[in-house]
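Structure first, then comments.
Every chain is named by a letter (A, B, C and D) in the order it is written, and numbering of its residues begins at 1.
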Amino acid sequence: MPMRNATAAVIGAGDYIGAEIVKKFAAEGFTVFAGRRNGEKLEPLVKEVEAAGGTIFGRSLDARKEEETTAFLNDADKHAPLEVCIFNVGANVNFPILETTDRVFRKVWEMACWAGFVAGREAARLMVPREAGNIFFTGATASLRGGSGFAAFAAAKFGLRAVAQAMARELGPKNIHVAHLIIDAGVDTAWVRERRAQIWGKEALNNPDLLMPPVSVANAYWQLYQQPKSAWTFEMEIRPFGEKW
Amino acid sequence: MPMRNATAAVIGAGDYIGAEIVKKFAAEGFTVFAGRRNGEKLEPLVKEVEAAGGTIFGRSLDARKEEETTAFLNDADKHAPLEVCIFNVGANVNFPILETTDRVFRKVWEMACWAGFVAGREAARLMVPREAGNIFFTGATASLRGGSGFAAFAAAKFGLRAVAQAMARELGPKNIHVAHLIIDAGVDTAWVRERRAQIWGKEALNNPDLLMPPVSVANAYWQLYQQPKSAWTFEMEIRPFGEKW
Amino acid sequence: MPMRNATAAVIGAGDYIGAEIVKKFAAEGFTVFAGRRNGEKLEPLVKEVEAAGGTIFGRSLDARKEEETTAFLNDADKHAPLEVCIFNVGANVNFPILETTDRVFRKVWEMACWAGFVAGREAARLMVPREAGNIFFTGATASLRGGSGFAAFAAAKFGLRAVAQAMARELGPKNIHVAHLIIDAGVDTAWVRERRAQIWGKEALNNPDLLMPPVSVANAYWQLYQQPKSAWTFEMEIRPFGEKW
Amino acid sequence: MPMRNATAAVIGAGDYIGAEIVKKFAAEGFTVFAGRRNGEKLEPLVKEVEAAGGTIFGRSLDARKEEETTAFLNDADKHAPLEVCIFNVGANVNFPILETTDRVFRKVWEMACWAGFVAGREAARLMVPREAGNIFFTGATASLRGGSGFAAFAAAKFGLRAVAQAMARELGPKNIHVAHLIIDAGVDTAWVRERRAQIWGKEALNNPDLLMPPVSVANAYWQLYQQPKSAWTFEMEIRPFGEKW
């Protein structure tokens, strides 16, 4: 594996999508900084990456706290220039409007929108002087549609998309690729499997066409990374071939 | 003026759009509850409405504080059933991403998105048991487009739109009309005039085609109110005939 | 009924939506020119409008033939200045892609897109010199969404929306209000009732929340007509309160 | 170059984008069928591809004539299974609405929408029995926006997008990847260079940030081709980093 003098920071390095992004960029030679709450849960991922010859630093990170994000990205950048920052914190909830509490609405926004704004801005602060870099955000169906019961989640995801758009328009001409990847499907995680089994019964899980493997999200990010600056995509949607939309 | 046994609450009853909405619904016979920060500024509006034979209650209201909004709407509903709630708080700002501070991003969201969520939910709490009512939200160009420099404002306006969509989908079948009015233009206010004069020179203000009179916004809300439930509009965009879009 | 020195032309004056538009504008004092294929079918509508004191001219019109549309609108304009032109020709079909024949694809486009372009352009030709007028187009769910089986219908409706947008942007500054009304629901017609009964059973028709009465479409057009030029809507969507979207 | 037992058909193999797509898929080992009007103009491209070791068949093709498209694709499929069909016919024009003639409106639609429908359907006819294949369509800014003067072009491009959407929703579950690539920029062609020089002066052409190299479009198609079926993109937009949007 040829190593690069470049760092990729993954904020929201959870067990599924985040972990696959980490492995992909590590396998491509990036030093990866992986951050999540309860950083001790990163241990198996760190071991797996290192066993494969990659370089990785796992950190506890509460992305809602701006000083933690700033420190995380600054540390990453000190190791090697921060070339990629991927914001992948999720916070999917569903409540009827009258049961959507102040606490839930605010917390979901802090996790999925506010933390993304901070991550994007702090990454930009490091990249703008060099006029180079990539800032990617994970979106969802709820980035484009405020479905019944999704006031909190959609408000946060719409907001994150707005941040990404504004940054893309401002930073594109400065050679920083800002992109928003919309996952228009359920991703194959324990939580989604459980929820689908509750709604449709366990046999629903036998249909492989409707659950997106986390590694496919990582590969989509890799496509975005590879695009030349003469033809950048801002928004890319992905869904499994059997998905209704 | 025939009086109705119904209340209209206007949250964000500022000097321009808000004041015209207040006057329109008062002139149509609603008791109007008008809320804004620094409620003492409502005095001339209260006098004008009362001189015209209307019924109005002006209140100081910080819409970011949920208990204030709850009390405001409960008071309105005690006077006469709350039939209309219009959320009209604005917070337009423009900063490069690196100069968008944590404080600005959070404050704009609290004013333009969070406060709207609270207002909508609390109005719904009063309307759902009666299965009747109207909840309207003021949107802007930035509800649909995250322009360069608008990360904070667009994130809040995108988020408010998501709240409105989720509420419309859930509450429509309960006979509550939720709508989102997009003002895709500058409104004729002192602030907009000053800003345009700075950018394009004072002569730009002589073009009447490009500034929307606040009363036109009030009339658009009145159109939404008049729609029969068999043909509700969720999203309505308005712009002056000379606007580029 | 106060009569106006103004004509409204309705192209596609069918038994349901078109007929209601005709009656509404006639009731508001317009001379109405109503055109449809098989103009003899207009006889009951003509009698009804005249019995109510309105002025109406019913004509056979194949809107796919540009010279017929030109003559129709010129005749209308000779009677009194053409102030309103509403294009309301429908052509809803659904076929799997492999069964969508050349003939169907072309015919649906000629009816729903091409004929609309011709109607809009020819109305504009009469209105531009006066710098006044209204040109409205009937859209549908398929104006925004190319659903499975709707390649032909959606291609036509997407195309019509493009025509409307381009005209609105060019003609707005010339004081001509171009609008696109999206009916995001089934309209209560014999054809829709029959189709729904086939799909969901006859009891589905007992739910009044899901079928839009044609008169509601006419009223929505009347709202668009009444808007002041300082606050025009280009696109307005309407749906019944119980509709899923 | 490892050769594949697979054919890629490029309909609209013009001098710029089309030629680059042809070269890319030939270089990846596909047998390429390249069709355009005046097929003799394909000679240099054919020579270039063959000199590089590729396999190519250049054909005269008027894509508005369904029997020509059917024959072209059948021939391609006889050589080796048709795995990729890319519809890349352009027809950009700009006229004020009153100067948009019947002939122009119809011709642009036949080239950019009708021909695309036929190509997509005929490719699907070959691919559906095998439950495998890729059908890609080239879109433009005018696929999403009906700008002033673009009634004809946008009507066609909106329509093509509708066709692509309907096909994607129907054929995705049959393992056929249908995608719509939106080029939101001027592409670096002789025609665009000339037009820009007229509008902004020749020095505008010195800015490399605003013209998309045709090869970048080919590479974007290659990215779409490489996506696994668990994470397909339907719509992908590309623009140069300096583009305003």
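Definition applied: a residue touches a chain if its C-beta (ideal position, glycine included) is under 8 Å from a C-beta of that chain, and two chains touch if they have at least 3 such contacts.
Since this is a predicted model, take the numbers as computed values, not measurements.
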**OP:** Work out the mean Cα position per chain and let me know which chain is farthest from chain A.
**Re:** C
Original post:
Any idea how many Å lie between the Cα centroids of chain B and chain C?
Top reply: 32
**OP:** Return the distance between the CA-based centres of chain A and chain C, expressed in whole Å.
**Re:** 45
Subject >> Junction residues of chain A - those touching two or more other chains >> reply: 169
Subject >> Overall pattern in which the protein chains touch one another (line/ring/star/complete/other) >> reply: ring
Original post:
What is the complete set of touching chain pairs?
Top reply: A-B, A-D, B-C, C-D
Original post:
Tell me, which parts of chain C touch chain D in their complex?
Top reply: 66, 96-98, 100, 102, 105-106, 109, 113-114, 117-118, 120-121, 124-125, 128, 142, 145-151, 154-167, 169-171
**OP:** Going by the contact rule at the top, pick out the chain A residues touching chain D in the complex.
**Re:** 169, 172-173, 175, 177, 209, 212-213, 216-217, 219-220, 223, 226-245
